[in-house]
Every structure is written in structure tokens, then in C-alpha cells.
């Protein structure tokens, strides 16, 4: 029972709680928040898994996770705010098209 | 101890999938699917498949979420409730599942070293000989680009074809089947568009703007790192292509599709789409001209190992370019489609 | 041992959920989501088969006596994931067009409007 | 020296796990979105920094610790941005914070923010 295993379990438990929030809702924003939180915890879990298995050179993966998490969240929020993925986040210049 | 983390993850996976099945709102189902995809990628890491986890994270959690959202923005996110419990599908899937579970008892134990998968000669060749024969530490890359070069060429062509198909389907003008169908029966997205108009140009969007501006160059740099470091660590053309496309998609989400199209017009994307496949095929042709078989990299240089390195580098580059262009073309198709329904956009 | 075949059972359960979604839901986007779940279960099946007890990722490490998991399933699934998202995009594009032609993405509604024509 | 580094790793990983569990509880138990964002956005980021610091102690000055540093910087930039954008989108959409005891009506959801 190393410290890495303990940490991995702590992360897994909090992932489970975040998943419960994603399933329970009640608003869509809660679900987005929960999915985003799951992504952040996944990043940590990958880092810890690497050290747990003695091969910590796969941290590029964790970077990809945090990147995709960010893009996913921005896309979801844009969909929610504007109902389309087309225009810019804060300008309305796509009206000119 | 480690297997308990696996089991925990798999149980979370089942819970997430059941939730995907039961929620009525398609938007919520998409969010849950993205969470399920994250968990699945995590499971791949614990099962030693780091390259696959890389791809699944980039594709499943990133790109496909964006694609589903692009679709939902066009078709609406409410699912019509089904009145009755579907008995026949339930029975059918239960019986198929039962038969498969019965069959699993004949399957070899997970992780045992004497299964046919592990003892086959092909596996021995890949694991023991390939680092010497190809000279690349990442066996997945050498199998992908060299031993199974034909197969990967086929897959690249499939991605190419799918992107062409999406462009053909979605670039057509909007046609209604019935002229009398005046009012749009499509459900609107969750937030009405008029509402968002009041907030357009609000200074509160400054923070995502600035942060994305800082991040996007590093995303491209990271994509190049993944592309060219794929020989030594997890990564390669497929992953790098998806990350590169994700950088452009982020740019487009923040600054608008029309600005992205000014930087990288669809015409250029189409050129790149074809160029990647041609580069891949061209390597094969050159190796034939040099006297080898199609995609036999040994003849590309005087030293077979150097030849393999050149071949794998070029082939992965071709894959990366095609995948980038394909993902971008698909995104352009979906995100630009709203033009067909002008009254809904503004 | 109870957990010897656990991965396979999870694969079967995920596959059943995907198949049931695919067959019972009449919304076409939901069907695509079911197909994605089905796909994920197949990925897990392949990767589970390549795993070897005490093994490590198939990237050469300097440590002595390393046991590597089988790289072949990884290659197959890696390409399958990217091809999967490309074909999913194709399906979703068809759904968008269907919605424009029929004003609905519900299978039953579309079939009913076909009948009434 | 190794012993001291190990102790450092133990302590920082335990503190990080503690914060992660707090995050989970916060996500589950807080009454409305705006309070949950604090759990999901702030505690998570702190836990990431602490855990990566603990892991970097184990790897020493190598490429690995540089990558860990990048992860921390990346999460430090993106996670608050994402949650900020989330809060702003929710507020714009009309989701009112729960203000028990502050005079405001305890209204948690508006009509168009609820998804099901």
C-alpha cells in the first residue's frame, strides 16, 4: 500500500462523486461543471498511475487531457450561450456574413 | 491492489453508460458520453495502452463532443419520450449478452501470459525483433507505420473519404422537401438566441479570449512535439493531427468561424486533405521505384534502419496532415451549416 | 478467481447497453450515441486481450527484464478510434440532412410522414 | 536525503488527496451551482498543484518534472477560465444564486436553464 495507491483511490472516489453530480444534475451547468471536474481529476490520476507503475514518462497524456477538457468545456458553453458553434465567443460579426 | 482501481473504473463506466441510456436530453447524454470517454481512456492507461489512451482522450473526449454539439445545435436536443418499454430489443440484447457472458468462461484469463494472443509468433516478432529491426523504441509506432503500413494507409484513406463525404453532404444548399412546410419545426437550442444578443460583446468574455490567445501557440507546438516524438514515446500522426485540429477548433470557437476560414480557407484544407494521402502513397511509390515492395522502407536509404526512419517519419507526417485536415473539414461542415437556417442564427 | 473474466463481462454489459440504445430509441442522434457506446466496448475487448500481467506499455525501457503488453491490439484500436470518429461524423452529417428534409430526427415521425405523403 | 524527499511526497500527496475528497464532497453537497463551482474550480486546481509538486519531488530535476510543471501551469490557466466562463454563462442565462438569509428569494433555477 504505497502513497500512490492511496492517492489513486482518493482521486477515484472523488471522480465517483463528480460522476454522481453529472448524473443528478439538476441544471445543465452542473453537469458541465461535473464533466470538467472529472477531466481535471483524470489528469491527476494519469500522473499518479505513471508513478505507481514505475514508468512516469507518459505525462504527455495528462497534458492532452487537460487540453481537451478545456476545449470541450468552451465548446459546450458556446453551444449553450449562442446555440451554434459558428460565431466568435464575444463578437457578433458573423451577422455580416 | 491495482486491479481494484481497474474494477472501480469499470463500474463507473457502466454507471455512466446506463445514465447515457436513460437521460432524455441529448445534450446531457453528450456530456455523459464525454465523461465515459475520459474514464475509458483512463482504463486504457491502466491496461498499458498509452497510445490508445492518447487517441481516445483527444478524439472521444474532445473532437466527438464538439461534433455532437455541432449536430445538436442544428437538430435540437430534446428526445421525444418513448411511450412503452421496448420489450423485443431488451430481450434481444439480454439474450445476446447472456450468450456472450456464457462464452467468456471459455476465454483465457485476463493478463495471463500463455494466451494465444501473447504466445503467437507475430507478437514475439513485434516485441522482441522490432526494436532492433526498425530501431524505434515505440513498438506501436513501428507496427503501425511499418509492419502494418498497408492497413494504416487504408485507414487514412477511410478518414479522407469520410471527410469528403461530410463535405459533400453538408456543403449543399438547404432544401426543404415540402414547400408548404413554412414554419421551422426543429426545436431550438436550450438558450434562445435573442437572449444571447444582449450579452454579445460583453467584456466578461475577455478572460477566455486572453487565455486562449496564450494557449493556442503552445497547443500547436505540442502537436508538433507529439508528431515527431511519436517514435520514442506515446504519440504519432493520428494523435498529433487531432491535437492540431483541436487548436484550430479552439481558435474558431473563441474568435469565430469566419476568421478561422480567413486564415485557413476550406480550399486549403481540402488541398492538405489530399496531400497527406498522396504523401503516404508517394512514399510507397518511391520505395517501389527504388526496387522494394510497396511501402518497404528498407530501400529508401543505404542503411535499412535509416530507411525505416525516413519512411516512418514521412508516413506519419502524411497521416498527421490528413487527420488534421479531415477533422477541420468536418468541423467546418458542421459549424458552417447554420448558414442554411439564417433566421435561426440571428 | 472471480475477477479473471471481469473485463469481458464489462465489455458485454457495455455492448448490451449500446445495442439496446441503438434498437429501442427512435431518435437518430441517440442511436449514434448508442453506436459510440458499442464501439467503446469493442475497444475495451481488444485492449484487455493485449494486457499481460505485470507487463508495461510497449515502449522500450532501459530497465532489465521488462515484460511488454502486446502492441498489436493497440495499433488496431488506435486507428479504429480515428476512423470511428470520422464515420460518426458522416452519420451525424446524414442526420443533419435528414432533419432538414423531414423536419425531424425521430425515426417514427419520419416514417409516419413518409406514409402520409 | 531520499528519506526527506519521500516524507515530502507523502505529505503533499496526502494533502492533495484531502483537497480532492473535499472537491468531491463539495460537488455533491453544496446547494447550488455557484457554490459548487468553488469546489470544482478552486480546490481542484490547488490539489493539482500540490500533487504534482509531490510527484516532482520523486522524479528530481528531469524532463518529467518539467512536464509536471507544464501540467500545473496548464491546469492553472484553463480550469479557472473554464469555470469562470461557466459561471458567466449560467448568470447570463438567468440562473439565480441561492441567497438564503440574505433577503433574496431562494430561487435556484430559472425556466430556461433547467435541462430536463
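Per-chain numbering from 1; labels A, B, C and D assigned in written order.
Just so it is clear, contacts are C-beta pairs under 8 Å (C-beta built on N, C-alpha and C of every residue); 3 or more make two chains touch, one makes a residue touch a chain.
Keep in mind the model is a prediction, meaning the values are calculated, not measured.
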| Looking at every pair of chains, which two share the most C-beta contact pairs? | B-C
| remark: With centres defined as the mean of Cα atoms, the chain at greatest distance from subunit B is chain D
| said: So the centre of each chain is just the mean of its C-alpha atoms; given that, what is the distance between subunit A and subunit C in Å? | reply: 20
| Rounded Å distance, subunit B centre to subunit D centre (Cα mean) | 28
| task | Could you put a whole-Å number on the gap between the CA centroids of subunit A and subunit D? | result | 11
| said: Taking the mean of the C-alpha atoms as each chain's centre, how many Å separate subunit C from subunit D? | reply: 31
| field | subunit A residues counted as touching two or more neighbouring chains | value | 15-16, 25, 28, 31-32, 34, 53, 57-58, 60, 63, 67, 69-70, 74, 80-81
| field | In subunit D, residues with contacts to at least two other chains | value | 74, 78, 81, 85, 92-93, 115-116
| What residues in subunit B touch two or more of the other chains? | 25, 27-28, 50, 70, 72, 190-192, 196, 199, 202, 205, 208, 215, 233-234, 334
| Of all possible chain pairs, which ones touch? | A-B, A-C, A-D, B-C, B-D
| note | The subunit A residues in contact with subunit C across the complex are 53-55, 58
| query | Taking the complex as given, what residues does subunit C use to touch subunit A? | reply | 56-57, 61, 63
| Which positions of subunit A touch subunit B when the two form their complex? | 1, 5, 8-9, 12, 15-16, 19, 22-23, 25, 28, 31-32, 34-35, 38-39, 42, 45-46, 49, 52-53, 57-58, 60-61, 63-65, 67-72, 74-76, 78-95, 97
| message | Taking the touch rule as given, give the residues of subunit C at its contact with subunit B in the complex, in rising order. | response | 1, 3-10, 12-21, 23-27, 29-30, 32-34, 36-37, 40, 43-44, 47-60, 67-75, 77-79, 81-90, 92-97, 99-106, 109
| query | Inside the complex, what are the residues of subunit D that reach subunit B? | reply | 74, 77-78, 81, 84-85, 88, 92-94, 112, 115-116
